[in-house]
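These notes open a run of structures that come right after.
Two complexes come next, and they have one chain in common, chain A, joined by chain B in the first and chain C in the second.
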Partner chain A sequence: MTFYEFIRGIIVAILTWLGDGVTWIVLQINWQPLTGFAGWVGGIIMSEPSINLLTILSGIITVFLIIFINLIMMMWFELKLFARFYHGRGPTEVGYAGLLQNIAHGIKLFMKELIIPKKVDKWAYLIAPIIYIGTSFAVFVAIPWTEGFYLGRKDLAGGFLIVFAIFSMAPFLIFISGWASNNKFSLIGGIRSATQMISYEIPLLLSVVGVILLAHSLSLTEIVGAQSQTLGILPVWFLLLQPLGALLFFTAAVAELERIPFDLPEAEAELVEGWKTEYGGLRFGLIMFTEWARAFAGCSLFVLLFLGGWQGPLMETSLFGMDLGPIIGLVWFFIKVYIVFGVMVWVRASFPRVRIDQLLRVCWNTLLPLGLINIFLTVMVITLLSGFGVTYAIGFALGSFFLMVLLLFVRPEVEPLPPEGTLTSGGKKERTPALRTLVLKPLWVTMKHLFRRPATLMYPYETLKKPHTTAYYPVTKKIARVYEDGVFGVPDIWRNYRGAIGLDVDACISCGLCGRICPNRCITYVEFPGRDKNKKVPRVDFGVCMFCGLCAEYCPKGCIFLTSEYDLSAFDRNDLIYGPEKLSMFRGLKPETRFPERARELPSWEISKCIGCQLCSRRCPTGAITMIDSAIYIEKYGITWDETKKRPKSLPEFTGDKCVSCGTCAEVCPRRVITMDTPDSKGGIDK
Partner chain B sequence: MAEMWINLGPQHPMTHGLWDLRVKVDGETIIDAEPKIGYLHRCHEKIYESRTYPQIVPLSDRLCYGSSMSWSYTYVHTVEELMRIDIPEKAEYIRVMMLEIQRIASHLMWLAAYAGDLGIYSMLLYPMRERELFQDLLQSVTGNRLLYNYMRIGGVRNDLPDGFGNYLLKVLDWFEERMDEYEEMLDESEIFRMRTRGIGILSGEKAVNLGVTGPTLRGSGVCVDLRKDDPYSIYDELEFSICVEDGCDCWARYRVRVREMRESCRILRQVVSRMPENGEILSKKVPRNPPKGEIFVRTEDPRGEAGMYLVSDGTNRPYRIKIKSPMFVNMSALPEMLRGYKVADVPAICGSIDVCMGETDR
Partner chain C sequence: MIDFELISFIIIASIMIISAIMVLRSREVVHSAMFLALTFVMVGCTYILLNAEYIALVQIIIYAGAVTVLMLFAIMLTKRKIMDHHPDEKEVNTFFELMASCILVFLILISILAPVFCPETYKETFDRELTSPGSTSDLGSLIVQEYMIPFIIVGIFLAVAILGGVFLAREKEED
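== the complex of A and B ==
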């Protein structure tokens, strides 16, 4: 039973059931014109063309829905697998294990504004992506997923060619989109894209000619049927018979689908998004979606042509008398498509981008001759070995492998680098790459990473408590021992926090050092209830603060410190100004920091300039300066005072023990009498 | 197609940092180029004129955020040279350790950005993963992962945690294994070679004439490294070699930086084995104001020769600081490197000189 017959059966059953119901209702009403009308409509609906139409429409909608859901799964699969190759996790938040991530992307794009830039060629801009999306989905008309999966009544005889014909509409439409976007970069991207796609269609088609010669048919169903022979338990798929062709097809398909290493047209490093740059909102979303639809089509073709399509073990089972073959075939088909897609993702994770001229050079110089050689080899083997038997298979495989080995290890002559000062464009021969170094080592490195535990820290569920946890790195015993040794105890590491500033208001002596040392001037001073009005305490503006820690380092009493609180965001900028009450919140998080003892700078007075304003003594936070009567002062310290100058009433006396080197006295002295001295000094009077 | 100017404009995913590169193309070939900078100018030099010497240290970190230890070291060294003070031995060893760790971290970030630009997204993340190790090291010492505020005039801010040397050696062992993996991934990838060999050639003579320094110069065959030619701190007591390559292209510069990372590992091992157990880490004889005078000091930044010219008038604020940034000069050599290559080579060439806009624009 084919897919068509299956859907038709369902449609006929539904229509019959509906028809019975409507008939019963009409008979109950028993009104002659209505009965006649109902009969006429029923006749039209139940007629042959109408049922055909309904069947085909339902088939298309079903297939479209299956593709849609499948694409979402493929996108999820790609993101997760790609993440494993770079040692990460992929999406994990939305839905279980990130399954709904792409739906979230779709909804987001749906809600964005559809902007049409000003000077675009409006009709081309709007219609080209629509046709692009349409043709990319139309390809699935001719791709069978299992036995008997035709959307029409019978299999398309030229199935394979139809797929390629529809596929090839894309370069034309991409070029139009790029041109119509009125953007230099889109234009360049569109040109590059179109060139790449058109060039790579030739090796794509040439690589399949061998398969067609072996299967004697263009129809995809028959090609899959031709792969049903087995060599013992080894199924003789065309991958074995045409290894060179398979490799060529894969490379050309990766280039057609514009995936890395061939995605220069949309390379973010240069052209933002290439020809899609000017599209936004859902238009962009659907274009991105079709890229994956094309990838699905490309992978399905590879599976059908080279991997035996839907064939696999357990095809002969039946359940309750119903042949389960097609359903099992469908499962096998999808498994194989996902495996091929996984290989494409692996390739994407391992290689850099090829430059556009190098890309085209690879196509015309390497892939095209290889395709022709493949055809030549196939024809030779078919002619020399007749019959499709074991010898056939072995002959092919050996020949192709020999050729591939030859290609892997033989390289053309290496040209020396061009002399300095000459242009490397236009006419100079560059060497073509050797396949061996191209593929093996990078693929091996990324493959190793697939089997390691991801190195991603799932913030905020796992915050960094130790410098290393074993979840970070591959869990081999050797490594685990390295990092679990507990070289540091945890408290020792975290002495040096750089988070929010905390304040111990009781210990603050209002020396003003923190405000003066802050490079960004983010500390100001305010009154605090319960303290003397002149003893102000700091207030920090976290919007300006850069958490350098200088205030904590210079505070003489250690009452201002940096804590481990890093989450300080607020919705309003004013909420970021933390007054002393808010700063006291962090009091409990005071760390035990050990700063080295700093050289203390002590003030010294050029006492002959002093006018006795008493500011230094009043402002000194620790009371290290006291004013004593000037007569006593002069006698005590043995200074000769110039009698022509007016002698002030009192002069400042300094006790070095209480001084905290805050420098307030030097700042406030109106006559610049005080200087903060070199650390060897003892402070006091500078005669 | 006629010649046209294309703006690889200030808003662009490829440009690391904020600058504008205008290229004049004929079809796909670049005929001329003009980098336009200044989008990140933050008036560092003017701000320094109104800050005291200790306050400038956290600000000098922010000159190049990718290698902030080396910039704050340059500033602190300049002031110390003017003040003519001696630094305690342990502090010198700690400083060199931090500088070399910073060099490795900066080169790893360069490697990640460079490979990411060229399209290998996995190589964007493997060096970043290793860089996390070094950032953890720096965080355990200073408390911050990126802008450290660790150097002080006269020493460093605080001592190393206990057992730091052992931990560092383990990290280095692990790191050197990972370096082999990177070399497998990139050296033996034909596509990477196709993208970088023969691209962006800058001959040794032209490089010297243009004033290019750092790995860009050493990739052109000129053997100049300030750590050997004009040694500062304790570099004259350590054994290491200068990494020079003859290729003059992007591939050579990539090889120079990868080899420099290995040399830094070697230096770090020597420092760990020679570091004194106990010692002062901050000199107590730092005067408040440097004497009047001027001085120019240069150090080997991961990007080249970083210099600071300090003019002091005897007060506690500098009169003028002029910052000589290596990237500013290297970027002026870009048009020379870009001429004759394709537009698609622009990320390869611009990435290979390790652009950091923080120090270009200051």
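== the complex of A and C ==
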């Protein structure tokens, strides 16, 4: 059963069912004009042309939907695989493993305004990409995906040529839209594209001639059928019979699809976006989408021509008498397409973009002669094997020899034209690219990198911390995977890193030194349950904090410390303000070593100014200041008090060994009696 | 019963004729090239209606895909600026226009009416029966069996033309 018959069966069934319903209703009404009209309409709808039209339309819509979903999958596949070649992870956030990323892109492009620049040739500017997109999707009419997958009633006899004819329309349209954009970048991109595509069409066609000769047909279905033989378990695909042709086809197809390394028409470093520069919004999105559609078509063509199409094991399966062959064929086809596409991504990850002269030289000097040689070899082998007679074989041999000589004669000198002043190694000829260093080595290097562990850290969920345990992550309320030390080649990163600060609330004496020393004023103080109202504890705004670590260096009790935790990303800025509870969660990360003791400042008194307000004594967090009776004080320290001033009841006495140099006393003193003195001063009464 | 083939032929032919007229009428040379491409594609479609699938596809590949691009290159290489309009270009002389049209109409009439007036000459062409009309394999066997000598001669001519082109395009070596 072909795809056409399948769709047609469904359509006929639906129409019959609807028709029965309508007939029943009409008969119930039983009104003569209505019956006549309904019979007339029904006759038209149920006629052969109308059913054919409906079938073809529904087939196209079905295939288009499949292509649409598949293209989104292919884009995702490319993003993921390409990221893995560079130790990345690709999209992860939107949908499962970032599957819906491209849909998000699409929605974003959909929201954008469609701008038509003022000085474009409006008519050509609008119509050229439409035809480009339309023709590119029309390619799928001729590409069979599985057994009996024809959109029409029968197989297209010239399947390959139809694909090719439709493909060949693209350079003209790209050229036109590049010109119509009225922008030099677009024009250069369009010209490059046209040059490239027109040049590479020739090796593309030549490389397939061998396959067509072997299969005796232009129809893609028959080409696939010709690859059904097996040699033991090994299937004889045309990849084995035509390795050179397959290589040429792949190279030419990559160039034809304008993918890296042949994406000169949209060389973003030089040409902004090439011929697409002036297109925005959904137009741009559709053009990009079409590029992937073309890539899909190219990969399918490679699979059909060289990889045996939909053929694979388990093709003869049937379930409850139903032949499952076509469905399994579909699965094989898509697996193969994705493998070929993966190789394309691999190539994309391996090579830098080539220059335009290199590109054209590769085409005309390498691919074209190789393609011709491939054809001659194929023809010779076929004639020799199929017993056309020795005369024919000799004729072909002579002819091919003659043409190869001709080719060598025609082949122009491989001499680039270096502009004056450029580097040429002592006037020598440019060396031909070495296969090993320029092609195989990059491929090998990228392949090695594919199997490495991704270096990207999933920021809120993973950390790069020393203790390789799981840890509760306070911001996102998730269990964070903690990586082992040294995995990423930076073993001591956590040790030398000044990360977020943590707090040991129990040890805090509420001296307020951290808040005073903080250069960014990110530390404020809040009350803490179970503590005295005046004994406030620090709260840190990590949105402001620059991780300088001064607070930890100055903290007299070592209750503020630096942790290796530095990934504090949150979805809300308020989440970045860490109260004492959150800060205490870092207690497990408290390092064993502390900062060395700092040279300390100590308070000194100008006692004659003192009014005896007792603030310093009350606010001192360590009790280093006590108030004693002024008479005793004066006697003890031998001060001469100016008797014109009123003598306060008590005066502050300082015990140096308890002091933590927090400076609270100096701050609270209303008369500036106390000042914090230089480091290493002894402190005490200023005489 | 509606003749779909006739309807499609009428549509295709009218698009072809209108675009062919537009090739001449467009003020912008690039628009002319676009209409020319459309004309070529429609000629290809006409071939499909005539069951000549291979010729149709080759027509689209070569004419619509390649020849028009060559024309565009020629236009781009000769024009000084993109979108450079010349509103005061001289119109073509009406007399020559009429003369050219008359000659064209005359030639077309000859080619249409010749089989009608002297059918004996064309009898063989119309009566030839192919196994499957327009099929690619038939075309191939015709070329390499019946018309082998002309095919080879054409090939040699093309090879010579390519050699000449390469010779002309080659940069002169400095002595």
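Following the convention adopted for this analysis, the second predicted complex is superposed on the first by the 413 of 687 C-alpha atoms of A that agree within 3 Å, B and C clash if a C-alpha of one lies under 4 Å from a C-alpha of the other, contacts with A are read in each partner's own complex, and residues count from 1 in each chain.
Here, a contact is a pair of C-beta atoms (placed from the backbone, for glycine too) under 8 Å apart; a residue touches a chain by one contact, two chains touch by 3 or more.
Worth saying up front: this structure is predicted, and the values here are computed from it rather than measured.
Chemist: Just to be sure I read the superposition right, which of the two partners does A:Ile260 touch: chain B = first, chain C = second, or both, or neither?
Modeler: Only chain B is touched by A:Ile260; chain C is not.
Chemist: Of the two partners chain B and chain C, which one touches more residues belonging to chain A?
Modeler: More residues of chain A are touched by B.
Chemist: Using the touch definition from the top, say if A:Asp532 reaches chain B (first), chain C (second), both or neither.
Modeler: neither
Chemist: Pick one for A:Asp572: touches chain B only (first), chain C only (second), both, or neither.
Modeler: In the superposition, A:Asp572 touches no partner, neither chain B nor chain C.
Chemist: Does chain B (first) or chain C (second) touch A:Ala157, or do both, or does neither?
Modeler: second
Chemist: Identify the partner contact of A:Glu553: answer first if only chain B is touched, second if only chain C is, both if each is, neither if none is.
Modeler: first
Chemist: Return first, second, both or neither, reflecting whether A:Tyr86 touches chain B, chain C, both chains, or no partner chain.
Modeler: So A:Tyr86 only meets chain B here.
Chemist: Per the definitions at the top, what is the overlap between the chain A residues touching chain B and those touching chain C?
Modeler: In chain A, residues 184 are touched by chain B and also by chain C.
Chemist: Write out the stretch or stretches of chain C touching chain A in their complex.
Modeler: Per the touch definition, chain C meets chain A at residues 2, 4, 28, 30-31, 33-34, 37, 41, 44, 53-54, 57-58, 60-61, 64-66, 68-69, 72-73, 76, 82-83, 135-137, 159, 162-163, 166, 170.
Chemist: Which bits of chain B are touching chain A when the two form their complex?
Modeler: Touch list, chain B to chain A: 4, 6, 8, 12-14, 28-29, 51-52, 54-56, 58-59, 115-122, 124-126, 129, 136-137, 139-144, 147, 149, 154-155, 157-159, 161-164, 166-167, 170, 173-174, 181, 184-185, 188-195, 197-199, 201, 203, 247-249, 280-288, 339-347.
Chemist: Spell out the part of chain A that touches chain C in their complex, as residue ranges.
Modeler: 49, 119, 121, 123-124, 157-158, 161-162, 164-166, 168-169, 171-172, 175-176, 179-180, 182, 184, 187, 191, 194, 198, 201, 216, 218, 406, 410, 412
Chemist: Flag every residue of chain A that touches chain B in the complex, lowest number first.
Modeler: Listed in rising order, the residues of chain A that touch chain B are 82, 85-88, 184, 188, 260-261, 263-264, 267-270, 272, 348-358, 417-418, 420-426, 430, 433-434, 437-438, 440-442, 444-446, 448-449, 455, 467-468, 479, 482-483, 485, 487-488, 492-493, 495-498, 517-519, 546-550, 553, 562, 593-599, 601, 676-680.
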